[in-house]
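Below are two complexes that have chain A in common, paired first with chain B and then with chain C.
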Partner chain A sequence: MPRLTIDGKEIEVEAGTNLIEAARRLGIEVPHYCYHPGLSIAGQCRLCMVDIEKTPRPSIACNTPAADGMVVHTQTERVKDMRRSMMEFHLINHPLDCPVCDQAGECWLQIYYMQHGLYDPRMLDEKVHKPKAVPLGPHVMLDAERCILCSRCVRFCDEITGTGELGIFGRGDHSEIGLFPGQDLENNYSGNVVDICPVGALTDRDFRFRVRVWYLDTTKSICPGCARGCNVEVHVNRKRPHHAEGRRVARLKPRFNDAVNAWWICDVGRYGFDAVDDPSRIRFARRGDAEVELDEALNALLDALRRHTPAEIAILASPDLANEDLFALRRLTETLGIRQVAFGVPPAAPTPAADDFLLRADRHPNTRGAETILPAGDAAAILAAARAGRVKVLWVFQHDLLAAGWSAAETRQALERVDTLVFSGTNDNATSALATLVLPLAAWVERDGTFTNFLGRVQRFRAAVEPLGEALAAWDLLGRLLGPLGVPPAGARAELWFRELATTVSAFAGLTYQSIGDGGAMLAGAPPTTAPEPPGRRAPAPA
Partner chain B sequence: MKTGQRFYLREVLAGLVLTGHHFFANMGKHIAHALGRKDARGAVTIQYPEERRPYSPRLRSLHRLVRREDGSPRCVACMMCETVCPARCIYIVADEHPNPEIEKMPSRFDIDLGKCVFCGFCVEACPEDAIRMDTGILEFSSYSRLGMIYTKEMLLALEPAGPDGVPRSPVPIPADRTV
Partner chain C sequence: MTIARVEFSSEQLAEVRRLQGLYPDTRGALLPVLHMAQDTFGYVSLEVEAYVAGLFGLSPAHVHEVVTFYTLYFQQPKGRHVVAVCHNLSCHLAGAQDILRHLEARLGVQRGETTEDGRVTLQAVECLCACEAAPMMQVDDRYEMNLTPDKCDRILRDLR
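Our next item is the complex of A and B:
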């Protein structure tokens, strides 16, 4: 293991670590554009120059592996001078249209220029003009003028997705990023090129012009789009509600987690948050068609649960619920002795398919958690019992049973046969329209909780915005039912419910919110995970 | 207080003498001025609003949005003014401009003058010189809060004040004002 000195501090790193990473570990930032830890090394931007003792000239830190006894200086006058010159080169043809650029505020050209810029430009000639506002695909917009040709996006399409849509065309200062003829940037990971673009050349068409980035608050969260549970950051706009047509969630950005998704997320998850601010959101409890106070609806539900024998009550939980919710539900079913509990509902045709990298066919974030916490049940059998008139109270969480992979006519028959159909969910759907009692649930960005991904990794997500109307997290809703039934609820915070879950369900034993942390923790007995190998890095399949 | 000031009648008479002196002196000066003695200047009443005091050229008056040659706003909805505004009285919603060279424009640009503190930061922050406070208009009262909100169209229609500081556009009268 090489031991080297950077700016007077010593560090020992694994062989093969480059100087940028070694410096990062010491808290020293070496400015760079083209280097990305998830991609191959290009050495395009020449900004990461550092001085190494006993070498005549500064060398690029991204392509210099740490060697034993190396003495590196990142702040010498020569290095600073070089950065200034490189910034001048990068900005020669840059249009400086920061006022209209969506990247402004999180742009590495801006950041490094403030640190190392040559504030008095020497460029007198007319700048080279290139195409602006060119849509590359459904999600990405290109502004070729702003591009500094770091080639991160090109390498991403070559090495991560393996689709190779992008290339650099032209020579000299006329080179520009572009699509190969006849291609569109349409792969399921295209949104990532926006994240890795250090400047405003690639911007997100969905996010474009909606909110300025400095108005956004960020919260660490988990993508609820599929069973993978990619780590994301939720960017919400609370400061300027008139922007973005009142959408509170502005965008999702991937959050690095080596064990799950590395640096990437797929477009299905990235753009899959529309339901949160959709007009179909359920804000208040409903009884029949009339909006009622939440307490009144809860009392009506309590009444129905008390009036019927456990054999007449069935609950269809959802794999979209968090572990805490499912545990509270388990408490309720144990208290009342309800046996008819299930959570899995087959998706309607065409059934969603997995892709070759992160996206899973199971589009629910917590199927593994539901399998672990709830007893195995058969949703189809519950519906059959309802159709036969044996179920008087059916409580459905989140699912739209009429849009499931069952015969809609038979399902409708079953739902209409039930005396009290209770629906609790975040958004209205065909099932909630049939329900006699509707209870609002908080969406995943409005509450704390944990999901268990398909490999058994328990990961926390956090509240980013306030719940709409009277919506509650499901554990809270269930806790308010448990109190009158004589069972003290575990507490007024998701964390307390999780603590009780950990003491009750053996697979969760020993886990706490602290031990889960930002990276997640494995269920007892589940082997540790790593992020899957990107398709672009795999050996090609034999022809 | 001096002893003499304790006598009521004496003080009242002294006051009358002072007022009377100013009254007759001013009357004489105004008559002289009216008869052609232009150097005779008495105390002046300015006949506002027909007449106005000269304002400083640096006066910060009602905002206006500067237009391009085609009449569209010069504003590119960069949100600098909205960000810098200490009163948070600017509401901008951005939209795509059909011309990719311009790219961005405001679909909505409202200033709530009921909140505005006339600090002029928006003018200083603007990178496009698209907002100015040089209309010379100071009269924008309203009977309702809604009447204090000036929309993009209202702000675009305003002209800068003339060289004498007199407003060149009519004072925008909110719809709710009848007098």
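Our next item is the complex of A and C:
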């Protein structure tokens, strides 16, 4: 393994590591635009110049592998001068429209411009004008004037999705990023080109003009869009709510995790958070059509649970619930002796399909957790029992049973036959409309918890915003029922429920919030995971 | 010019494979194959780009990158003859702009355009490496040098 010196600090790195990554490990940032650790080397932006002793001229750090005994300087006058000149080139035709550019505040042109202190443009000629505000597809907007031709987006479509929609057309100062005429940037990963664009050339049509990025707060989370459990950041607009018409979640951004999703997330997940701030959110408990205090609703539910025999009670849990919720539910069913418990409901046609990379056909974040924590149950059998009049209390979590892959007429018969239909969920749907008792649940961004992905990786998500109205995390709601039933709840924090889960369910043994950390940890016996190979790297070139 | 069908003959396809075999990466043959396509189909339309992309297993966008980079690929139908007038430094000093204006007036088109009868495409191009005979132009495959308006008229007369 080569040992080298960068800015006077020694480091040993794996063979093949380039100088940008080697410096990064020492906490030294080598400025760059075109280099991205998930893509091939383009050597296009020429910004990552460093001085290497015994080489006559500065070299680009991205394409220089670390070598034994190498002595690298990232801050010599010569190198700084070169970077300043490169910045000047990059800005020659840049429109400097930062006041109306979404990238402002997280733009590497701004950042490096400030760092390199170049303040006056020397160009006298008029700037080259190029197309602006060109929709490339449903999610991405192009401003060709802001583009510095780093080619990251082109390489993304070639090497990651393998779809190859983008190219750099023309040449010289007339070069511009574009699509093959007539084609759209419509692959399920298109949003990632916005993330990797170092400037404001590619912006997100959903996020565009909603809020300045410096008003956003960031929380580490897990995408609930499918069973993959991609690591994400939730960006929340708390400081300027009037900028986004009450939309609290401004956007989701991928969070690097080599074991799950690497740098990427799919568009289904990225744009799948609308339900959080949707008018359909259930904010308060309801009895019949009337909103009631949460305690009144909980007492009514307790009453129904006590009045009936366990055989008359059935619960349809949800694979959208967190591990902590499912464990609290298990406690409740064990306490009351309820045997009719299930969570899996078949999706309506057309059944969602997996894509060829990250997105799974199972669009629930915690099916594996539900399988591990709850006993195996048969939702269809529960519905059949309800239709036959054998279920008096049916408690449904989150599902819209009328939109499932069952006969809606038969499901309606079943739901209308039960005495007390309880619905607890985040959003109203056709099932909640039939419920006699409705309990509001906090959305995933409003609470802490863990999901177990399809490979058995347990991952934490954290509260980014306050729950709406009186909504509670399901573990909290269930804890408030367990107390009066004589079972002390595990505690007032998700972490305490998880601790109890880990001591009770053997697959979770040894796991704690601390050991799960930011990157997740495997269930006992589950082999370690790696992010799948991108389709663009998998496909051999056709002859 | 309209092309019934964008497709190479079997002999041409064999030639494509031969050219691809000459390079460590088959992509190296993209330029000669695009020239073949231009000669066969008249110009490199988007349809031709997509067809050629298929022959190389490349995305059409990649082929479009190449075609838009080079000036000798025509993306629009071109005339039967291409008149390319140099307007780089030496020719400029020797009156290339007058030559261009003269040709534009004679042909009734602007530089970059093709006459309505499809006879001539007029272009203004950069240095063609014949500064010693400025002003000059390239007519199809041959150089015409030391141009005067009269000489241009004679040359145009011979283009059918």
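The rule is short, and it goes like this: the second predicted complex is superposed on the first by the 537 of 543 C-alpha atoms of A that agree within 3 Å, B and C clash if a C-alpha of one lies under 4 Å from a C-alpha of the other, contacts with A are read in each partner's own complex, and residues count from 1 in each chain.
Going forward, contacts are C-beta pairs under 8 Å (C-beta built on N, C-alpha and C of every residue); 3 or more make two chains touch, one makes a residue touch a chain.
What you are looking at is a predicted structure, and each value in this text was computed from that prediction instead of being measured.
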Taking the superposition as given, does A:100 touch the first partner, chain B, the second, chain C, both, or neither? first
Quick one: classify A:182 as touching chain B (first), chain C (second), both or neither. second
Looking at the overlay, what does A:158 touch: chain B (first), chain C (second), both, or neither? second
Examine A:168 and indicate which partner it touches, taking first as chain B and second as chain C; both and neither are also allowed. second
Could you look at A:376 and tell me whether it touches chain B, chain C, both or neither (first, second, both, neither)? neither
Which partner does A:433 contact after superposing on A: first (chain B), second (chain C), both, neither? neither
Going by the contact rule set out above, which residues of chain B touch chain A in the complex? 76-80, 82-83, 91, 93-96, 100-104, 108, 127-128
With touch defined as at the start, can you tell me which chain A residues reach chain C in the complex? 154, 157-158, 163-171, 179-183, 541-543
Which residues of chain A touch chain B once you look at their complex with the stated criterion? 97-100, 104, 131-133, 208-210, 212, 214-215, 240, 242-243
What residues on chain C touch chain A, complex-wise? 26, 46, 49-50, 57-62, 64-65, 68-69
